[in-house]
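Labels A, B and C are assigned to the chains in the order they are written; within every chain, residues are numbered from 1.
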């Protein structure tokens, strides 16, 4: 497993495998990614939804807020009485369901990613500090984590929202400050594993400041775990948002959120089940995509035996 | 340049360890009163087995740990007075495990230039050239700077570690078992490199190892450690020709030379194993010592110095 | 002395991101009852994989084939996993390098020793425990009875390795494979453990395959040795023969590299072998040592060297004419 010497090979030296180039960590990872089915499927799903989100104004056939009470509850195109004008039908206010679905993806992704970023920042910082400094800092952070885990996230969110009122901003902030626990736990454990490695001691001996060590020596080695957790946390956040909106404690109407669409549709569920199943299936597929992607990254970046 | 590069005076380091879930905390005396002096250009070999505290000594000298008691002086100045950047300029490590001492996510060039970047030595533009120069000095092909540690062999990785240690031209290099994890044929390459660099760059080494033959080759003086104390110290030739402490004698006797037909040595050491958390009373070596007497159980021996030869034994 | 192990034409391949690694190529040797054979070489030479191939413990990605792989008359290449599981621990045992990780930290010593025995024998717990105590005392552990109740983390490395040896002996195997059994131990403990292994081997008439990179250990312990380099056996012979007159340039280089205390001239360079170990991936031709060999000839690049018998039990894989005639 030696790096190749690029000087020209004499005939005596071929056939020894000396020119074999062992791939870099990035190349190993890239090759593994291309072979991993779950990763690719998950990536495809996320990319498709992201595309929907970005191109929403172009792709959506109608304005998702436009009500047309004369065209209420038209079923999707595969049922009779459906039309291609409204491929996924309309809801009880005559709004085009396909357009609402597409615009709803914006809400899901925006909230999911924002929450992940906030929670990630909080959790990673806490985890790094706890893992690196140990002692009292670790005790303090562990206490915080324990307290946080003792709180039921959904109930706290509901409580806050009923005090302040719901909106996208509120949902993002509340969830962001609630779901950092997994980040903290994973990053803390990983940091504890990395800390005793000799390259950290070498960096310290080379005169690196603590900040530099955390940012340049420890964090890059955490990235694999961090990305896996981040992906799974996006999924968790999306689901939490949908739950909150379903309860009426999240995004407020008329904003199209998939959870809200399910909530609004549940009254008509018996005769118009598509109102609930369509956003439900969309939610399921998006979450599946993120989970497959996250699992795929974990498999692909799992350290190989030496 | 001060003559005395490093000085340790009655340095001790104790840790608190938990001795099990219900037995509370015990003290672990990793280093129990060590005094050493290193002159400029010397190589001091520090020899001992696991649990003797030699790695702790390395950490103390590198200021990765602070001593519980005693003084450490680097170039005449107490270590506590120096900030981490000053210490980094004067003393650098080469560690044992070539796989763990390099950050797997960084390229070789980035690893080697780390001290320059951390200490902000010289202009950014000069760093590339400095890296290239030091790589040549340690015998690494220049294109390797873009490779990652997992693409290099153990010997190459250790060269990277040496390059990183030397790029700031420190006065003192702490080698903590630098070749123990390498193959025999490669060990010699690295040791020869270290010897050559010492001559060419005028370095001083604290060379820690459990391999006596290697130490004999490199060191001008050798100190033998056991359970946190130095039990014998002498110039190399003197120590190997005339070992006085029973532990040193046992160490030398245990080395298996490649001579068939000689069978296996019997060092008469017994099966007791040194436990730094629970050291034996009196002389810490007495449970394993073939010459132990009543006195050894009761009283710790006082170090005696005869000429350049220091021994800590009642006999 | 009976032949208990016959290996011929053993190949082990490992798929790596960079290609298929031919980790073990055409390795063969024999072992008799009561004999100690050493597989010597540095890291990457394939000695550990050879041992794992014998025990059927190769990683799942590895592929293995041999023209002859017989242990006590049983063909190991065609043996089912069930047969191998029966043989392992009972007829053939392996002692690994790291005593810290070879024992399960969740179970007591007694538990693990007893399990090792009752896996293969119809015996009551009491009988198994008696045998465990007997063997613990044989390996020099005092207060064996109370040790049975202890957990691995309570014991030092030297004692754990003794326990590993006792565990290997529980069913009275005819073959013990020791993979670097003392490398992780202190040098003062090393000699004791090796002496113990040698005594036990003589007493129980077992075959011992000692895998190591330490030529000192080989010299003092082994009757015969196979020097391995880059997956191939390059020299075999009795220990006395090979150390007295090493024929392969790699063996000669290895012996030069070893500093011997008392015979060292301070200040002089240590013997070393220049260059890097090649990676056996892809089209391999000729002698794998030629890029580091002081005596390399152009023919060394082209011909496929065979391991040639140059005397009874003495073989060499080298074109060096003078050596071949010896």
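One rule holds for everything that comes next: contacts are C-beta pairs under 8 Å (C-beta built on N, C-alpha and C of every residue); 3 or more make two chains touch, one makes a residue touch a chain.
Bear in mind the structure is a predicted one, so any value in this text is a computation, not a measurement.
A.B. asks: What is the chain whose Cα centre is as far as it gets from that of subunit C?
C.D. replies: For subunit C, the chain whose C-alpha mean is farthest off is A.
A.B. asks: If you tally the C-beta contacts, which comes out ahead, A-B or A-C?
C.D. replies: By number of C-beta pairs in contact, A-B is the larger.
A.B. asks: Return the distance between the CA-based centres of subunit B and subunit C, expressed in whole Å.
C.D. replies: 31
A.B. asks: Could you work out how far the Cα centre of subunit A sits from that of subunit C, in whole Å?
C.D. replies: About 49 Å, centre to centre.
A.B. asks: Considering subunit B alone, which of its residues make contact with at least two other chains?
C.D. replies: Expected reply: 153, 156.
A.B. asks: Give the residues of subunit A touching no fewer than two other chains, as numbers and ranges.
C.D. replies: Residue numbers touching two or more other chains: 1-2, 21-23.
A.B. asks: Multi-chain contacts only, two chains or more: what residues does subunit C have there?
C.D. replies: 276-277
A.B. asks: Once bound in the complex, which stretches of subunit A touch subunit B?
C.D. replies: 1-3, 5-6, 21-25, 197-199, 201-209, 212, 217, 220-221, 223, 306
A.B. asks: Touching subunit B in the complex: which residues of subunit C?
C.D. replies: The touching residues are 42-43, 140-142, 156-159, 186-192, 194-195, 198, 213-221, 239-240, 243-244, 253-255, 257-262, 264, 266-274, 276-277.
A.B. asks: Considering only the defined contacts, which subunit B positions touch subunit A in the complex?
C.D. replies: 59, 62-64, 84-85, 87-89, 91-93, 95-97, 99-106, 111, 114-115, 118-119, 141, 143-144, 147-148, 150-153, 156, 161, 164, 168
A.B. asks: Taking the complex as given, what residues does subunit C use to touch subunit A?
C.D. replies: 17-19, 44, 59, 276-286, 288, 290-291, 296, 298, 300-301
A.B. asks: Show which residues of subunit B lie in contact with subunit C when the two form their complex.
C.D. replies: 49-50, 153-156, 183-189, 191-192, 195, 210-214, 216-218, 220, 236-237, 240, 250-252, 254-267, 269, 271, 273, 275
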